[in-house]
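Sharing a structure with you now.
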């Protein structure tokens, strides 16, 4: 292939390699190579239907493009001599299909709308993939929770034993958070699904193009109308990175818990060997490396978000080359989020929970003291703040037994609980974690029936969400297949 | 008021002022003071309806709360002796309504669900306000665009003259971007509108509370079900800050353009005196300070986003005090975004565009060269890449006239444009910016009829959006009024 | 006071309050009010010495300025009618000393160099303060370590028990990290200590000013020479915020450990009541709130850093109003870092370490397995990797006793350790944590004599560092006092 | 090569590829491969000298290591089966030199201290390289400035014409900023130059290692003493990324100016073709792509900094696998900063400044109004604020001529400048930009003699800085060569 075909007219082409590779986006463009072929096919078919190029040129171009779609892009297209994948493909087509056809590919468009369209196609794919992964993760959490509605464990605030709960309740907290991640990604599809194609450099073109046609061929729901906005804006990209960062922030919290729970102190869980490493020096070690790196990835994705926001800040209209530097951050964020979601499933699937340890700790650390205060309120008519003070003082005095409570009550509120009828059995029942959990049956609470209701509701929402993802994916592959078929028909019509 | 009523039982209360003020969230809690009163009212009414407290205590509490709702919180409540506004209000109620009533306020709840609920109430208010401001900004852009569909100006890529366009087209690019900001904020309302109340510390409570009832009283659409998630998650807060940061990134781009356009070099616009400053030393200066500071605010809001993501990273379940440090970043982001949206309107309203300068520059910098290449394609049958090369070479040779073009064509493609029939009139027409704009009539393009169509569509979308905001706001104030009325009835019923 | 004296000539002064408060930096300028008075005094004295203003005007101005220096700025100066503190003070002087004197204050300078100078003066103060606080923290760590060279505890990697160490060794790790923070702040003083004054708007001035003179009066070491750079650059500010963020990242690690160590699981430490809170609902709770909020502050300071970097990005020369938005992030970062350093000292001072628990855990989790592998290497001549494999296998088989080790050695390396002479006593000694620690006496290791050597070295470095801080502070206050005295002499000379 | 030799004892080795590649740091470890070989050599030599391993094993190991040092690492070492480069090299040595020698490589160390040492070695190299590049950039700026002390141009504040200055003055502002970047990087070397080797996992080792010896062999200045700190801290890494981010923020400002200056409006500079691109659609375009991407890289490096700070936040002692995720951000930041510094030189070297345009604009936009106000102060005795007001009003009235000034003076201050003797010549002289520049001769100001003095001082500082870099580089390569030679001698001694 010859030198950079775009430069030949206007500029000299004697760039040092350092500049060429600095300006080239080829490495990152691997993410959009296949999308670009689809865009080229759609554009050529539209040009032909609108009578902008003759059928023979369209057929020649499509004959060269379909194999790229079927077999992938040959490595030579990614040569950094080309500034980007768009120039690479055009140069390849000019060489393989001749200037008469290849030189017509770029009629009525620019790399500005081309890349914006490629990004949205690929991003749509990645978001749908992430939605599928999130659905899988939620399914796993729901299924695991189903087995553990009776698995007692301590709940924590401030990393202190707070009140007893169940593993099911705890896991469903994450299911809820990941459902909101699902919602955010799903809502973003509405914005991603608008085609920038036809915006050209930013002012559209004088050719009688049909933007709705290419949008339909590529499975977009509608066009991103204003042509300057269509090439210059990247808020949709930043939104996607932000959705990844928010997701990863929840992932990092779950990973932190897995690290804590697999520590010798807590010992609530044993992670699968496959997700762990040992030490090069300490032979006894089994370290939760996968959880740690995943936790760190939250930092990496946050970094990508900040890079994106900083790059776009204060850029005037319309396209600026700075935007090229943005895309790698998108791919990085989406890639890391995707694989962390997947590995998190694997890690949770292989995790063995230690019910004995969990039950053992459930009642420790005074974690049923709240229930005790509530009993004082309910059964002895104390104001809550008074009951809270009494129990707090008893803890400070060192014991939650009848005598200490009575002493505390006399000190704090001038009343005798003994006299009021409190006895050992009453204290014991209030301090029993099973009792504490069983009464917490408000919607979303830890009582087994409440959790079961949550599980049912979550499972049914998830069914709907999975259908939604499947439906969107099917619609896009159908549009895709239809376009390829029409392209083949056009080629065939010309060969006859 | 006495010391910190929460601590009296469990801990000593001899904290140095430095710690007290470090731990206190009072300053930031000013943002949620009014919301907290609403939450208290709803909670008390629910406790009474569920028979958890007696009507007399409910009436006493509501009698003390309604004046706070009507008149605002007295300054003493914000004393930093209290850890936060929740403790401040409770202490106030205990003092003013007595321990018997005041000490019952906190039955079946915790500050964890209380603050989460307050944040959502206030955030809902701020998001609705921002939606209103964005609608106003879009209306202004649409109205201004309507006046300028014929106002020619150069369009830029890479800050270089690229192709002619119109001011209307340019402004509508921002309208489109702000519409997406509107969408994002509107979609977030679905998540914000779920009530955490009743989650208590994270495990709900053993009292027979009715979470749906308080949610309804407070105008929420439903409850945030899982009680651990309800107090521990902050993704909804981070999402809101992220939406602000994305909005501000677009604001910073428009401000950058206003700074550029008001520079002596460009002189496309004169900003209103009220938004500018002069220099303390250079008497001639009129500086676009408002636009500059607004541009910088994008950095401030990005900083808030990063702070939020970093704070939440790797926090284990459920509530951790770290979350207290998060809220000020939310209020900061929302406050700055809101006032920037408002001031941007003011600044644009007062801006005087210099049509003469804009027209003068519209055709400069070879910005019609694309059209010339297109003419070579359309009328002389050249492949686009060849035509692009010829015009590029002519630019390099220094002139876009007939002779130079012909020389370039001979050099680059071995053909004579003269021989093919190109004449001076043909070149002149191709280089006329009016012509270039008039043919760009694809949807979203700069041709006046295309922009007018965009304007109509945008205006009608905006009508819908404004109704949506008004509807949401009305629904919330109705719920609010209904609750207050019921509270008054409860008090009255008791007084009889 | 009248309206904004700067605007009267050039611009209308009918700004709405929303703009006025948006443009005003008054709130943040409270940080530099006192510095600004010093700058004004130095500037006036220089103007007089250079013969630029007459002595009578200088005396009048100084007579008005000295009380501001002595008593602080009156509240009226902070009225947001003034764009900033500089305008506020000038307006105050014009009013109180008359236009003839007050109107001469701003000769040969601009707010651009004025604010840059004020920032450096205040920042120098804050950095010196932070150095003092860091010295105090290091002193506390050293002193605490001195008491705990024999306090055994488990060391962790990946939050897993790794090898035994001592509390002294652990604390000295933080001392080392904070020493590097000290170094960074101290090195930054070299850059902070250069005076921008005299740069005026950016091009200096035509008056025969003496920049070295004002620099000397204000205690600067030299001038920031290039006048455009002097007003436009903020890298010194960003560096300071970055130094704070790095410091806070170490603080957040120590706080994470305090949260972990004070959890029921670990129970290595009890934090002072004053730094803890209880729960509004759970009466038993004692939460490590100060440590948690401090941990979160690392996020806040990171946010400030990002805001600063984003604001400065891509600003053209020289001064832009965006820079005004930068300063509050500096003050925030410095303020939070300062008070966290101080509170960290308080918290550590009051912490009670539970030596029994620490000793109990020191040998758990197979944390002496490395030493066992080392014994196999040293005494039985095995390659380390083989010994590591044998011990690892024994751990996997469940026990580190003689029989299991022998079985593992036969399986992994085909050798019998029993036959080679290993006996129970040998295994027991290798697994004894005291022994493991005692042999780790390389410099910086945990053996008591190694830690004692580290402590001595650290204490002596700290002595030097404290002298350095004291020396710098003294030099600055001397310059300050000298200037005030000369100003008084000038006034007196005029009164005679 | 066999499977993962580290895991064989303790853990199963049946990891799915997705986990293996997730945990592997191999791609990033390419940055430290060569450093790791040096560390291995130093460690082996120390083990032998201390009598920890026998000479024969040392000779065998060194014989295998020296070729890796000379020829680079074979590709098989980077196989992702190994968790990292350290495991890869060890496995390679065990295979090629046998378990007896190879299995002894890891005596008395861990990957924790190994990687920390490798990072510092490589970082030291990169910082020295960056120092060299910065010196080159400063040299170029100084040399270019030398040619342009008389090249007048407008200086800007708020992107508005402010006061005339010279290109030399403007360029030297950047030289000053880059000098501070140089200082920061140079100062960081003091911290980077401390060897963590010998810290092992974090508790050092029971073997009688000599940490000072390995430090010396590797060219370190001293050891990083506390062994827990030595493996756990990454503040030195974050500092380096921060230094890069601060540098890039200045780079982005210069690039912004190059983008502005090469726009058609300003036309102060033509950038070299090699650094520009054209458009795929607009044939006339010459876009400043290199400057734009470089500007965007500031965002990328800021993102790396945030990722690093977020990753490290709240990690407990000592090593956590999260730290592995940190290093790629360091390499990315250093790589991008390095090539941007280099390309900036290339771009500036090829830039052609348009002196005519610059001179033309120098006096525009009222940029000499300050001088005019100063003349009213100096020659007519007005207070500066009064003179400022008069000139400001004249600008508002539209002209800076004698009559308007007089009218303004009468309106603003009730005085007649005509009566006071101001005449047309006086006004004209004050408004002459040459005059304005010539009087600004304070140190660091734009007057040619002031700039020349600055240039001389800067050049002489730069000479010193260059010697410093050369000296440091030489010291390190000498240590390196000495070590290799001693290794060869050891091998030879064994062969005899």
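Per-chain residue numbering starts at 1, and chain names A, B, C and D are given in the order in which the chains are listed.
One rule holds in what follows: a residue touches a chain if its C-beta (ideal position, glycine included) is under 8 Å from a C-beta of that chain, and two chains touch if they have at least 3 such contacts.
Bear in mind the structure is a predicted one, so any value in this text is a computation, not a measurement.
Chain pair A-D has a twin interface among B-D, A-C or B-C; that twin, with over half of the contact pairs alike by residue number, is B-C. Of the two chain pairs shown, A-B and B-C, the one joined by more C-beta contacts is A-B. Chain A and chain C, compared by their mean Cα positions, are separated by 36 Å.
Remark: chain A and chain B have CA centroids separated by 23 Å (rounded to whole angstrom). Chain centres here are Cα means. That of chain B falls 34 Å from that of chain C. Touching of two or more other chains is recorded for residues 6, 9-11, 90, 106, 112, 157-159, 162-163, 201, 260, 278-287, 289, 292, 295, 298-299, 302, 305-306, 309-310, 313-314, 320-321, 370, 388-392, 395 of chain B. Those residues of chain A whose C-beta lies close enough to touch chain C in the complex are 157-163, 259-260, 262-266, 278-289, 292, 306, 309-310, 313-314, 361, 364-367, 369-370, 372-373, 387-392, 394-395, 400. Contact residues of chain C toward chain B in the complex are 6-7, 9-12, 14-16, 18-19, 22-23, 83, 86-87, 90, 106, 109-112, 200-201, 273-287, 289-290, 292-293, 295-300, 302-311, 313, 320-326, 329, 339, 342-343, 346.
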